[in-house]
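Read through the structures below before going on.
Note that chain A is present in both complexes that follow, paired respectively with chain B and with chain C.
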Partner chain A sequence: MNGVFPIAREELRLWLRSRLAFSALLVFALLLTATSVLTALRMSAEQQQRTGQQALAEETFLSQPDRHPHRMVHYGHYVFRVPPPLSVVDPGVDAVTGQSMFLEGHRQNTAMFADAGAGANLGGFDDLTAALVYQLFVPLLLIAMGHGLIVREREENTLAPLLAQNVTGVMLCLGKWIALAGVALVLLLPLFVMTALAAARGESLLTSAGLIGIYALYSLVWCSLILLVSALVRHRGLGLGILALFWLGAVLIVPRTAVESASTVVPAEGKLETDLRMQAELRAVGDGHNAGAPQFMRLRANLLAQYDVERVEDLPVNFRGVVAEVNEADVTDVLNKYAGERMALEARQARFAESFGWLSPVVAVSAGSRALSGTDLATHHRFLRKAEEVRFDFVQGLNRVHVEQLDYTIDINRSIDTASERLTRMSAENWNVLDEFSFEAAPASERLTRAAPALTMLSAWFLLLTAAVVFASRRIRP
Partner chain B sequence: MTGLFREIRFLSHDRAALLWLGIAVFIAVVSVFLGLREVSSQRAELDGLIEADHREREVLMDLYQDWGDVAYYTFHLTYDPPSEFAFAAQGRRDTSPWKHNIRALALEGQIYETDAENPDFALVGRLDFAFVANLLAPLLLILLLHDLRSAERATGRFELLCATAANRGSPWFARAALRVGALALCLIAPLWTGGLLAGSGAATLAPASLVVVLHIGFWWAVCALMDRFGWSSPVNLTALVGAWLAFAVIVPAAIKVSVEATVPLPDGGEILFTQREAVNDAWDLPKAATMEPFVERHPEWADYTEVSQPFEWKWYYAFQQVGDQTVEPLSQAYREGRVRRDALAASLAWLSPPALAERALQALAGTNVAATLAYERQVRGFHKALREYYYPRLFREEPVSDASLAQRPEFRETGE
Partner chain C sequence: MVDSDKAASGSQARTSRESSHNKAPVLAAESLGIVRSGRQVLKDVTFRIAPGEIHALLGGNGAGKSTTLLTFLGFLTPASGGVQVQGRDVGKNLNEVRRAIAYLPEAASLYGHLNAYENLGYFLALAGTDLDREALDEALDRVALQPGARGMRMQTYSKGMRQKVAIALAILRDTPILLLDEPTSGLDPVAIDDFNRLVRDLADTGRTILLVTHDVYGACHVADRIDLLQNGELVGAFDRPPGMDRIDTEAVHEAFAGRAAA
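The block that comes next holds the complex of A and B.
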């Protein structure tokens, strides 16, 4: 190992002396710091705002006056997807998915107000985050600095004297690799700071360490690739051309190809299409507002038999409430069936696109980074599922009040005059059927499991390329 | 002329140059193909939706005997079909809505719904022609041009070539011009092919080609400028890629951040909140509190504001309208904010030619912010027409009839 560190040190000294390398390094350090700070500020503000809005929404719901319980079903409630702590590193799909959703009876609404829809439009990579800089552009810096590592020695005819001085090819490559990897790891400093910030705000240490690990591994993949190319080519120009080609493919072309292929191989219909398709099924279930509809005749007969009475008025429960309750459950089954199918399709699309990580480490690292940060598609689906739970629970809670506390005769006479309407108003104390909603990303173990394929792909990239470097380094001849 | 043929011969032997040009034409063809496919799948989806929408309304025709029920349960599809040039620049269609299912209830609760596709897709972006021409092509041009002089220098032929040339710079100019021209051709030929297949027409394709050529011209100028420093090929390439990073990534991102900081938007959640509170409070307020602001907008119904029952449909739809009226200042600010953001982004985009070219192509394709806002105006217009259709029937308590239903407005995609 003796000769290795002087080689690394020499390389670092060279970079510090080269105006180009030094200024490029400086530019990237600035860029990473700036994007990290901006992303962290933005996501922290979002986090605070949405937490506040969530609390306000709950407060408003609970402070509603006495009302007919079904009015509260349609008054509805709002839930907000509060971004998890690690979103300060990688906001993921946060900007392209709606962040708030209106919950009401008999309907599943979509999440509304995606930032991307209202933002300034400058195309391409205008929504630049620190995560994107690491994934897409840091490799450019590493290429610029590292493409000449070995081939430079070859072109300047210093390779032969080096190899003659008891320096083996393996030692030479190891020394150069350490130098480049050192630069790559130092560049992770802003990421480290942001992750520490997230950890201080309650993020699990496991996912935080995982996030740093996945970016470190990703950077090392590039280091090995760059060194490999530099060791194999005869001219710097050729090496640079090959690396540029690889970068073009891995960063610009493969990720978008993955998206296009996923949408072809796993086609998914839009929500409007699904909504229209399920209308017939929903009509078969019946409209819960109309207790006299033919769909509820059996329910009515069963209830009359169960309580052994002749007329619905004599039931100990409010028949309209029972219909609302039963119908809500049936409608929700239909809604959940279609929503579940849609989410399963989207998840399949995401998995298919992620498998392009075998072709481009960029695809792997971005998928892994989102999974670990809790800003991936699965987290958004988790939000949709949790929101649906809250929706169903408060609607059924209100329906229970309708069933048990509101007298049937008073209920059907509600439209006669204002005085009759007043009688149908239930006490506001009942509104506490609403559960508190505080959205959190999946637990650390689950997110690590989701990031496992990405980690596997990156490890494979790293091992394969490093093995190739070792193999090539044994054969280095001047 | 012989000079040109000589340069073409040189180019045909330059394997690296052929590789970059090959990549350009391949990706351009793929992007046009994908764009055409996406547009046709959007059209097919719309066709299916339009048909299902009609079918659905037919089913509902005989179901309700009350205008209130009819208006409550009947949805209407509104949509913004992709233009003939949308294949080249998908623009905002990934994140902004271009189809809605609208009914006569308060519009503010409906218009912000977005029937978006998989968010992972919107995050990564599409491989459309605009992406190839605006982000990929400059890099390919840089790779084609960065070692024109420096390679000759490295091989020691530079001085000889300069000395024997008829005038200084001419062999370089011809060589560079040929490559720039070839690259432009590699992009524009697939664009025109796709455009003719999609029926875009020369009136769109010509300005689009001009955008592509001017943008490439800008990058040629950048390459020529860098060339003057006489650096070695690797240094030259590094500096040029740095310039690409600055113009194509950093400047647009900085513009976006500063525009959004300069022009804040009212919070979306607040719009919905205000609207819901206004609509729901109406239930507990005296009927006059709804009917008065309603009549201010619709004086023609001033004689029909008497609401004697605890629930009457005309009052129900009146407070839906009043809900929209209450939130109008916020909603207006949200729209104006987007317009101002877009205007500011338009003027600042001059600092980044790739962003400028992207915006120009999106404008030609009708997939930019302006197109989104125009569609939104169309939906608002249609919703207004729906209300104006229902109000006389609700207020005069007319019976529901097929003849009357036949007069109901249908959404038309053209005109606002």
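The block that comes next holds the complex of A and C.
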């Protein structure tokens, strides 16, 4: 196998001396570096901005004056999904799922988006993330550089003298593969720097290494594919055409088909129909603002019996507060049921779409990249669940203040009696029921588990293509 | 079977190489048949080349000359018969066979982005040979490549200059066997004479040379023996008579042209 490294070295020398290949490499390196820096700057700014907004939202809530606790329930609170450190590589679904949410009583609001100004400054160029460059454009560069690896030797009649030097087809292919893989791995340097920075900002080393690993594996898949095609075809133009078609299919057609077929195979009920069903269930639960509603008669009777009194005014707790508390729990059960169903359905659709990674390595790597970066749909769902936990806790905390600290008689007279209204204003210290919200992506082990299917698919791609290369290399003839 | 020995009947006497023919052949094709893309390109070809002999396969385009060389290199598998190099079956001893052979392809196929030294260094490294600049210069001197051109990229070379570097590579490989495919194609008459002398020198140092060509004049001047190949079959053979410095060009030309016309 002595000839392997001279072959690799020679291929690299050819690229360095070829103005076209060298220029393409240089342009891509610049594009990659520029995109990486811009993505890193944008996501760092987003991180800082959202962290600041989160702190401001908490400060604003806590600085509210004394008032009726239920007014605070409706005053509400904002939570922000601070992007994880590895989002500097792959912002994932961040831009399309909303990054903040308004939390209030009896409702689960949808996530909202950042202000348009944040994304408009760079004229849309910021949409080109480092992850996209690695997923879509690095393969193009590898195709441009590597499509002639073997077929060029054939076309320029250098294959026969090469093989006549006792170089086997396997050695030739291995040498060429090492050269192309060397270029691919050098192109991963910006990724290495970004993940190192993310690790320095608290990201797990495991996920950082996993992200580098998955992109390295993805690049090697393309190296093997390019080498295989170059070994099989008789003309460079044909090889380039086949690889360009594969790229188009892998980058555009298969992902688009995956998304379309996911919504067909795993159909989702329309929002209107779902909302109508949910509203019907919520009506059955009752409106917690109306303690006299028939839905709360049994609660009223139970409480009176429990405390052995005749009238709600004689209860040691505020009946309206109890109704608000119980109703909040019941409403939340309904809301959580629908939210759970929606998230499960979205997850099923995502899993189905991701299974197209068996047909396109681009689909596999993008799924794995988002999972490892903590910017996938599962992370968004995790944000929704964490936000809901915060919402439910602070609303119920305020309801508990309503139950325990606010006299029922004063409470019902607050609309007709100014003095009573003043007495219903609870101390602002009670607003401390609000927990600090600090969203973090799932732990490294969980993200690695989520990325496992993508890693499996890419490994299968790599092994199959490499086996095919070995098979083809044994049949290389001048 | 059309054997070169049989085909030689009626041609010139072949006593001059009797002694070497009695030795074990370095290269031998026995009833060789090759089929490529469903077409029979070699049919029942038999010849043996003794050590130190210069053997030319003469034929027109598509006669099967280059195919014969590729078969000795193990790039093609015989459909019938077989080829042997130094007594070894080529298909079963590919590594040993290729180590023993230096091959000069038809189009002087070297890399345009490399200079002469880099080309030689690369191919020699692949063959497991590491030679210094002095040795390379010595070989390039032998093929008379101008020193000023040696450091220039070969994409600026003429066809003849590239051919000289390829010949230098064959010399530097220092193998007992040389397979030369149209080695004088593209060379000027002076360079052809120089090349013929070089080939003769190499044969005199014990190397066995099989060259394929359609150049009747060149083959008659350099070869000890010529086999005439037409449509994949051996149709005639000529030996250099004792005491003569070349094979009778007119006889070969007549046979070649006559066969071609037929």
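Going forward, the second predicted complex is superposed on the first by the 460 of 478 C-alpha atoms of A that agree within 3 Å, B and C clash if a C-alpha of one lies under 4 Å from a C-alpha of the other, contacts with A are read in each partner's own complex, and residues count from 1 in each chain.
In this text, a residue touches a chain if its C-beta (ideal position, glycine included) is under 8 Å from a C-beta of that chain, and two chains touch if they have at least 3 such contacts.
Computed from a predicted model, the values in this text were never measured in an experiment.
Applying the stated clash criterion after superposition on chain A shows that chain B and chain C can sit side by side.
Shared-chain residue A:191: touches no atom of chain B or chain C. Judged by the touch definition given at the top, the superposed model places A:279 against chain B, while chain C stays out of reach.
After overlaying the two complexes on the shared chain, residue contacts for A:24 are found with chain B alone; chain C is out of touch. Contacts of A:478 after superposition: chain C is touched, whereas chain B is not reached. When the two complexes are overlaid, the chain among chain B and chain C that reaches more residues of chain A is B. Contacts of A:350 after superposition on the shared chain: chain B is touched, whereas chain C is not.
In the superposition on chain A, A:76 makes contact with chain B only, while chain C stays out of contact range. Residue contacts after overlaying the shared chain place A:303 against neither chain B nor chain C.
Superposition on the common chain places the nearest Cα atoms of chain B and chain C 16 Å from each other.
Of all residues in chain B, only 16, 19, 23, 27, 34, 37, 45, 48-49, 52-53, 56, 59, 77, 91-92, 94-97, 99-101, 109, 112-127, 130-131, 134-136, 139, 143, 147, 151, 154, 233-235, 237-239, 241-242, 245, 248-250, 252-253, 255-257, 259-260, 265, 267-269, 272-273, 276-277, 280, 283-284, 309-311, 334, 337-338, 341-342, 344-345, 349, 352, 354-355, 358-359, 362, 368-369, 372 touch chain A in the complex they form. Of all residues in chain C, only 70, 73, 75-76, 95, 98-99, 101-103, 105-107, 109-111, 113-114, 122-123, 125-128, 166 touch chain A in the complex they form. Across the complex, chain C is touched by residues 2-3, 6-7, 10, 13-14, 17-18, 156-158, 160-167, 477-478 of chain A. Against chain B, in their complex, chain A makes its touches with residues 20, 24, 27, 31, 35, 38, 49-50, 53, 56-57, 60, 65, 67, 71, 75-76, 78, 80, 92-93, 96-100, 102, 109-110, 112-114, 116-128, 137, 140, 144, 147-148, 236-237, 240-241, 244-245, 248, 252-253, 255-260, 262-264, 268-273, 275-277, 279, 283, 346, 349-350, 353, 366, 376-377, 380, 414-418, 420-421.
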